[in-house]
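Take a look at this one; I'll ask things after.
Each chain carries a letter (A, B, C and D) given by its place in the written order, and its residues are counted from 1.
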Amino acid sequence: MGKSTTNWRTKIHEIIFGSDTPQGKNFDVALFIAILLSVLIVLLDSVASFHEKYGSQFLIAEWFFTILFSIEYILRIISSKRPSKYIFSFYGIIDLLAILPTYLSLVLVGSQYLIVIRVLRLLRVFRVLKLARYVRASAVLIIALKNSRHKIIVFLEVIFTLVVVMGSLMYLIEGPEHGFNSIPRSIYWAIVTLTTVGYGDIAPETFFGQALASVLMITGYAIIAVPTGIISVEMAKASQDNNKTCQNCDCEEHDDDAKYCKDCGKKLI
Amino acid sequence: MGKSTTNWRTKIHEIIFGSDTPQGKNFDVALFIAILLSVLIVLLDSVASFHEKYGSQFLIAEWFFTILFSIEYILRIISSKRPSKYIFSFYGIIDLLAILPTYLSLVLVGSQYLIVIRVLRLLRVFRVLKLARYVRASAVLIIALKNSRHKIIVFLEVIFTLVVVMGSLMYLIEGPEHGFNSIPRSIYWAIVTLTTVGYGDIAPETFFGQALASVLMITGYAIIAVPTGIISVEMAKASQDNNKTCQNCDCEEHDDDAKYCKDCGKKLI
Amino acid sequence: MGKSTTNWRTKIHEIIFGSDTPQGKNFDVALFIAILLSVLIVLLDSVASFHEKYGSQFLIAEWFFTILFSIEYILRIISSKRPSKYIFSFYGIIDLLAILPTYLSLVLVGSQYLIVIRVLRLLRVFRVLKLARYVRASAVLIIALKNSRHKIIVFLEVIFTLVVVMGSLMYLIEGPEHGFNSIPRSIYWAIVTLTTVGYGDIAPETFFGQALASVLMITGYAIIAVPTGIISVEMAKASQDNNKTCQNCDCEEHDDDAKYCKDCGKKLI
Amino acid sequence: MGKSTTNWRTKIHEIIFGSDTPQGKNFDVALFIAILLSVLIVLLDSVASFHEKYGSQFLIAEWFFTILFSIEYILRIISSKRPSKYIFSFYGIIDLLAILPTYLSLVLVGSQYLIVIRVLRLLRVFRVLKLARYVRASAVLIIALKNSRHKIIVFLEVIFTLVVVMGSLMYLIEGPEHGFNSIPRSIYWAIVTLTTVGYGDIAPETFFGQALASVLMITGYAIIAVPTGIISVEMAKASQDNNKTCQNCDCEEHDDDAKYCKDCGKKLI
């Protein structure tokens, strides 16, 4: 391939993968709108009354977006320096899964329902986060979540044990005659209760069942404070670490608009 | 217009728009009571049994408040230096919308239901926040919310993607036979579940549906910690920024009743 | 009255009102157990099956506790230096209300149901807070709640306006045919939804109703972060203010077990 | 017993009770997998359709695990220096309860249902917390919960009093005709509402009942901020106390990766 081909591929790569050039930004916005529209059509087509009325228009739109996304997918492969890296990346697989079902529907009846996988492309919304003002915001969130992962795992283990033990107890106390017809279903009820969702599709009816349920509810109501406390503390730390650090005295907790170190008075860089 | 007219208009403006003079304060309180009463009548009139019994009294009261608010609206326009600025302001439009439906009901049958728009006048309650002791309180809240807006937007994007993906998966797993009869409705279910509201009007019935719902519930239960952490940290910062700052040593975190800087001992101004 | 009478009254006062002497403490514990038992009987008597079986025993127990509490009430009046102060105090009124219904039931049929007022005596549980180790704990909680009252009022005003406006909108959108049969009832639904309780007795059924409900749910899910942030910040402050303060350098944030000031090294008093 | 017997017992003890040697770790992992599998079988066997199909296989697996756990139980007793200490310890009792029901099922019909007690062995999952990276994480959580216990008890007393008083009031207001057929049941409703679970199996239907319920819901929605605030503050403190402390200047709040004291610059040990 000559120089011009390389240039052409670099240019395409810059537009499709990058978001620093005006064209790159425009492409990102256009792609995002196309994804939103294609998802909207999947959503609307699932409503029976809309499907009856506009079914054929939706089919045309579906094929339009499928061909559009196919072209985009091929361009992404062509313009990549190492196509295999893109193909087997997280977004690469999602991009492929988003176009496959429509083609499959020609061969396999019923496979068109798989088109809802296309909603996963919505995850590209996180590319929007590359915008300068969101970088810092999401960095703080990610650092806080990362630093609190061990505490969160300990917390989830407690929750897991609690719902299994409580679900089993409720199965013994209430039994199948009140809807608790298996331990897995009772565990499902325990999760519904502990998380304070409370559908009410299964609810205790005996005195002891309601008493135990009350204990579980108050536990669920109170221990929500634990992950909240964990994340708050880590977020406070992550928020501070993100601040300017004084080169002179190593002190770290300066406000965003600080110009001088609050401890030693040296100018902050 | 002579000087006396101008004075008269200035006086009216001071009473209606201001809240610094005794009359201005009294007007604010009287107006707020009138709004509360007019809203109360709208509420009570919507109850069928009350409407039957006291329908005609409610109609008289409705016209009384409509005429009262009309006079107030005209006085606000007259006393404004630039009437158009008031008319097209947020409160100006609400003030007009609050009186229009009653007049429209003379011409259009059924338009009297629009009178519920009058509840929007309740937003004038926020004028009460101008009271000295609420100014600081709401300033801290607004600063905290403003500073955390980027993190909140990132959080809402995650929520949005999560409910669309989860709603679509549940539509595939549970299907119309268990109430998940379209993807938009399944997304509505996902929101009901993630936010731990849990009406129970739609609830998963298959094993895999309940398993996926459990994951969504625990996610919703745990990630509430994220906005809480965000707001807590920003509120702690906003609360500190609002404190007195020492002119001598630049240190910021003094208590509200502090008279001397806790770091250098100089008197705080 | 002679000296012995005064001594006798002082002694009674010390036992009944005080909690510093061993007898005073024993009286407090005995009274608390008596209150718990009397409340338990009220609770059990309200269960139809128990009432049928043990109705007469419950009646005897009710009269036993009523006479016991009457003696206690009379002793409290006699031993008070200013009886009227006790009689018209918060606990004085509750103590009277707790015994009145049983006597009234002799004259008025049906008044025995008022005996549930006796549960209010449970509020005496807060006397337990006088125990040394709870004094500090509740002091911090009360200071935090007191300092955050202005922010909490602003928050409640926002909530109030939000549920009235949202309830009215839902009344217009959904209407009586979907259970939203009056604005007050729609406001009740808005509160059930915003607080994430979600009974499901009233639930939106139209597309726009579900869309608006989704907005309200996510709002409710997210703004819970606001009071949490407020209380967390105030509790952090109250927790610090409660710490030892250095007499030498005015620095305040020492740990509970600190012996020396962490800033200047002087011994803490 | 000779030296070799003692060595043999010490070795067994090291493997079964310890988790420092490679064999000890492997044993822990193998035991944990066995517990998970045995619990899984209990869960699946409780599902009617599975029980019909695979009932006999489940029975074999149940006896396999029971014999395995019996051997483990005997080995634990033999290898303990003071067997009685293990037998009457928390885990000792659970280990016994986990094997008893299967043996009992030979004599007593119906006792096999007690096998669900085996899920309590899941609590051994907390041995995992001994893993180095979870030690600190759970230490912080435990310290925070321990330090906040007095405040949490005060909070639970307020909750307890609130639900008893509110439940009793609702019993008077709504009465048996709307499902509030006893005070204990009304208290159960109050707990369901305050914790924002909201099953909807009991829901107020009168105007005053819905008004009081609204107050309870908003209270429950707002006071969740209290335990959250408590835990957040204590967790922030526990997180700091866990940090390295400077030997030179007594300053405590160093980051985990700090090598020098941020206040005085001396090397941290």
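Everything that follows uses one rule, which is that contacts are C-beta pairs under 8 Å (C-beta built on N, C-alpha and C of every residue); 3 or more make two chains touch, one makes a residue touch a chain.
Computed from a predicted structure; not experimentally measured.
Simply put, subunit A must spin 90° to overlay its Cα atoms on subunit D, rounded in steps of 5. By residue number, over half of the contacts seen at C-D repeat in one listed pair from A-C, A-D or B-D, namely A-D. Interface residue usage between subunit A and subunit B, two copies of one sequence, is largely distinct: under half of the residue numbers at the contact are used by both copies. In this assembly, the C-alpha centroid of subunit B lies 29 Å from the C-alpha centroid of subunit C.
Centre-to-centre, using mean CA coordinates, subunit B is 41 Å away from subunit D.
Residues of subunit D in contact with two or more other chains: 155, 184-185, 196-200, 220, 224, 228, 230, 232, 236. Those residues of subunit D lying in contact with subunit C across their complex are 150-151, 153-155, 157, 160-161, 164-165, 168-169, 171-172, 176, 181-185, 187, 193, 196-200, 203, 207, 210-211, 213-214, 217-218, 220-222, 224-226, 228-230, 232-233, 236-237, 241, 249-252.
Listed in rising order, the residues of subunit A touching subunit B in the complex are 39, 42-44, 46-48, 113-114, 116-117, 119-120, 122-123, 125-126, 128-129, 133-134, 136-138, 140-141, 144-145, 152, 155-156, 159, 184-185, 188, 191-192, 194-201, 220, 224, 227-228, 230-232, 234-236, 239, 255, 260, 262, 265. Subunit B contributes residues 196-200, 228, 232 to its touches with subunit D in the complex.
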